[in-house]
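You will see chain A twice below: alongside chain B first, and alongside chain C after that.
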Partner chain A sequence: MTEITLQSVTKSWGTLTALKPIDLHIPHGEFLVLLGPSGCGKTTTMRIIAGLETASSGAVLKDGADITNRLPRERNMAMVFQNYALYPHMKVLDNVAYPLRARGMARADREKTALAALEKVGLAPYADRLPKNLSGGQRQRVALARALVRSPDVFLMDEPLSNLDAKLRGAMRAEIKHIQRETGITTIYVTHDQIEAMTLADRVIIMEAGEIRQIGTPDQIYDDPDNLFVAGFLGSPPMNFIPGDIQDGAFRSGNARIAAAGITDAKEAQLGIRAEDITVVAEGEAGDLAVTVYSVEPTGDATLVVADHGKGRLVLKADKHFRPKIGATVNLRLSPNGIRYFDSASGARLRTSQ
Partner chain B sequence: MKVFTSVWLRRLILYVFAVWCIFPLYWIFLTALKTPIQAMARPPLFLFEPTFANFAKVVGNPDIWAYFASSTIVAAGSSLLTLALGAPAAYILARYSFRGRGDFGFWLLSSRMTPPVAMLIPFFVLYYQLGLLDTHLGLILAHVTLNLSIVVWLLRGFFSELPREIEEAASLDGDNHFQVFARITLPLAMPGLISVGILIFLLSWNEFLFALVLGDSAVRTVPVGLYGFIGYQTIAWAELSASASLLIIPVILFILVFQRHLIRGLTMGAYR
Partner chain C sequence: MPLRQTTIQRAERSFILWMLAPATILMLSLTLVPFLVSVYLSFTDYSLTAPETINWVGLKNYSDLLSSADFWDAARITTIFTIVAVGIETVLGVGIAALLHHEVRQAPWLRVIYLLPMAITPIAATFTFRLMFNPTQGVLNHLLGLAGVSPSAWTAAPETALLSLILVDVWQWTPFILLIVMGGMAALPPEPEEASQMDGAGPFRTFFLVTLPRLKPYLALALLFRLIDAFKTFDIIFVLTGGGPGVATRTLNLLAYKYGIEFLSMGYASALAIVMLVFTLVAGQVFLRRLGLFDLKD
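For the complex of A and B:
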């Protein structure tokens, strides 16, 4: 049983602030993903948990005990690095057995245990090779085996898949998730790839500029974003935004008027809606919004239509047989359940006041 | 056509440079094969009947072997000791940040900026008091002092170019600071250690001033020993050349054997 708690952890280098106070609780067995653009502080947060970086202030607790100033070796956490960080001068077997050596296990025992871990990732036949004679995917699996071999309290993974090609990434993703479920070890995973975050996580933390923007399950952060940043960061294509204002329970943008019942008036607001919540109405019927088709992108299972709404462009997901002419005017209906409002200035979500 | 001429121009420059470098060696070896009279001839002789008498005389002279032994002990001892002291220091300077790190690094480097002659008299007085004059240990310590800063500065570069993640992985895997250094960093820095070691070995092997002043009859290194052939009135050219030829051979062999390491080490991280 291992839970991790961060209590107002900050990090700064001189005048550069990398982390504003971060508070966080990670319960036992959770797969937590830290997601955000580069430089948002997600890797720093993980390195502070690992002990590779010291927090400028605040405390890191493991099962209630303060480990803020403990050395990495005293934390029993295993880490998988983006560029694998295998020991290049050691055979694969010795790489995997290395954590056991530091724990004083006898050579025969640790080789047996290491071989079992290699078997788990399907690399037992490669035990005698040097890391440089393995492919990228194999190297990352060795790194995984090295992390697994000593049953750590916490798994830390720093963009472990970003050096692999797309196909391998999908396979490794499944493998990581399977291993985590099987072992039930608390896992913290850093990535900038939202697909990885959505598919792997029990909970996702979205960070930007050293701050947590939202914490929630993948569904929560996708369906119910707290702010413009989260809404625009997730989804492929990301959420569409239409600028306008809100007055007397209606959102106005150009000629369009869309119900915004219960939302406080705002001079400058954004209507956010995802591509799949926009439908094209039949010709001759009235819609919520008239747009001009800018580009048509068939993706196989659907057609992405990029269209101009007068104050910018939006992307909608239409039937895969839908092929409008470029320049044609199309009427759109915005599904009321899919509409989210945000304040333009603060980026905060405008929710129905109840 | 343009490529062709530029290739040949480069070759020409390299040929000229090669002749420039090799000619002194050639001349020493040639002189070693002459009789003392031939060695003095003006204009110099290029064609003559070679004699091995000089070599025979030198090989039969136990002093030459003593010079060789002294040089080997001092150069090997000082390069090993310099590495043993310099590598941990360089690692700390490369990897850990602490108060005054920059100042400390500069202070080390500045010890190299001092003209060695300026340190000679203090060394002599100190060694006289400590009884270190004319001992191998004394000369080894002097050479360590002279070369430590170079080792620290070169190795600091090697260490800081090693990927940090590998060391971090080891520290998470349960190693303490010293184990990380000994089991991970040192093996990875081996090419750097070897090339710096060779460099220090050669610097010590060729060092003359300190070896002359701090050594005497018990400890006389090769450069000092060869200097003995240059007398007050005459220079024993033939014998000098024969000894020099023989004593250069180990150095040349040493470089040939480790050449690859030397080049790899000194250009490590320069391109990647």
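For the complex of A and C:
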């Protein structure tokens, strides 16, 4: 049983603030993903948990015990690095056996255990090779085996898949999730890739500029974003935003009037809606919004239509057979369940007041 | 049949040759010609005492040399000097580099200080050491006296002369190893060290099992330079001991100097220089091969 707690952890280098106070609790066995653009502090957060960086202030607790000033080797956490960080001069087997060697296990024992870990990732036949003679995917598997070999309390993974090609990434993703479920080890996973975050995580933390923007399950952060940043960061294509204002329970943008019942008035607001919540209405019927088709992108299972709505562009997901002409005017219906309102200035979500 | 060269290509070619010519001629006249001359001389009895006669003597110089006790004695001293000096320089250089590596970001001027010995004019440094080594007036014995240690004769006694020379060489050249090893440390990605810490290894295990093996190509290069250089050290030995007391510090290079410049037997001295050169080339090759250099990329 291992749980991790961060209490007001900050990090700064001189005048540069990398982390504003971060508070976080990770229960036992959770697969937590830290998601955000580069420079948002997600890797710094993980490295503070690992002990590779020390927090400027605040505390890191592991199972209630303060480990803020403990060395990495005293924390019993295993880390998988983006560039694998294998020991280039050691054979694959010695790489995997290294954590056991550091713990003083006898050679025969540790080689047996390491071989078992290599078998788990399907690399036993490569035990005698040097890392440089393996492919990227194989090296990452070796790094996984090295992390697995000693049953750590926590797995830390720093963008482990971003050096792999797209196809391999999908396969490794499944493998990592499977291994985590099988072992039940608390896992913290850093990525800038939202698909990885959505598919792997029990909970996702979205960070920006050294701050947590939202914590929630993948569904929560996708369906119920707390702010413009989260809404615009997740989803492919990301959420569409239409600028306007809110007055007397209605959102107004140009000629469009869209119900915003229970939302307080706002001079500058954004209507957020995802591509799949927009439908094209049949010709002659009235819609919520009239747009001009800018570009049509068939993706196979659907057609993405990029269209101008007067104050910007939006993307909608239409039937795969839908092929409007460029420049044509199309009437759209915005599914009321898919509409989210945000305050333009603060970026905060405008929720229905109960 | 190859395509016929166009006029432009030919013009370009001759331009390149003309541009290369001065440097090439200079190189050849300053290195290759003297080398060939000394190879030729090594097979003759040419001596500056009788410069008008040159007799071809075949391998006589070489056989005389290899059967002389002086040569083997000098070879022994050279070997001790080279291996002990470079050995200490390596241990110190790597050790200081490891300690400095993490600190230099806070104090970049430390690096400058450590490199100073290499930047000082060797002859000035050597003369300073001569003053410091002086058994009665030197600062070293003064300091030993303050610490309650009995004074040493330093370069004046056969037992300590070679050690004194090694001390100077270590002072002067440890920074060289330090510089190259620190460069290597800065160039290598830090993740394997971090992985080692995460894997539970302490600082010593991390250094010896992860850092040091990855530094091998850099270390080998530094060692190669230093071994060749130490093997033919001349300046500090010449100034501090002149090969003495007696023959206690007479290395091969000093021996060659003695035969060539003092005894004027150019043939014999040339043979000795050629032997040293061949030894350096062969040893260097073996060293590079054995270490399997430059194939540690991950």
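Throughout what follows, the second predicted complex is superposed on the first by the 354 of 354 C-alpha atoms of A that agree within 3 Å, B and C clash if a C-alpha of one lies under 4 Å from a C-alpha of the other, contacts with A are read in each partner's own complex, and residues count from 1 in each chain.
We adopt the following convention: a residue touches a chain if its C-beta (ideal position, glycine included) is under 8 Å from a C-beta of that chain, and two chains touch if they have at least 3 such contacts.
Nothing here was measured: the structure is a model prediction, and the numbers come from that model.
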Put chain B and chain C onto chain A via the superposition and say whether they clash or fit. clash
Mind working out whether A:Pro99 is in touch with chain B, chain C, both or neither, as first, second, both or neither? both
Based on the superposed arrangement, let me know which partner A:Lys132 touches: chain B (first), chain C (second), both, or neither? second
Touch check for A:Gly312: first (chain B), second (chain C), both, or neither? neither
Considering only touches as defined above, state whether A:Ala78 meets chain B (first), chain C (second), both or neither. both
On chain A, which stretch or stretches are contacted by chain B in one complex as well as by chain C in the other? 50-52, 71-73, 77-79, 81, 83, 85-89, 98-99, 101-103, 146
Any idea which chain A residues touch chain B in the complex? 50-52, 71-73, 75, 77-79, 81-83, 85-89, 98-99, 101-103, 146
Which positions of chain A touch chain C when the two form their complex? 50-52, 71-73, 76-79, 81, 83-89, 98-99, 101-103, 131-132, 146, 150, 156
Quick one: which bits of chain B touch chain A in the complex? Just the residue numbers, please. 163, 165-166, 168-176, 179, 184, 187-188
For chain C, which residues are in contact with chain A within the complex? 189, 191-192, 194-202, 205, 209-210, 213-214, 216, 296-298
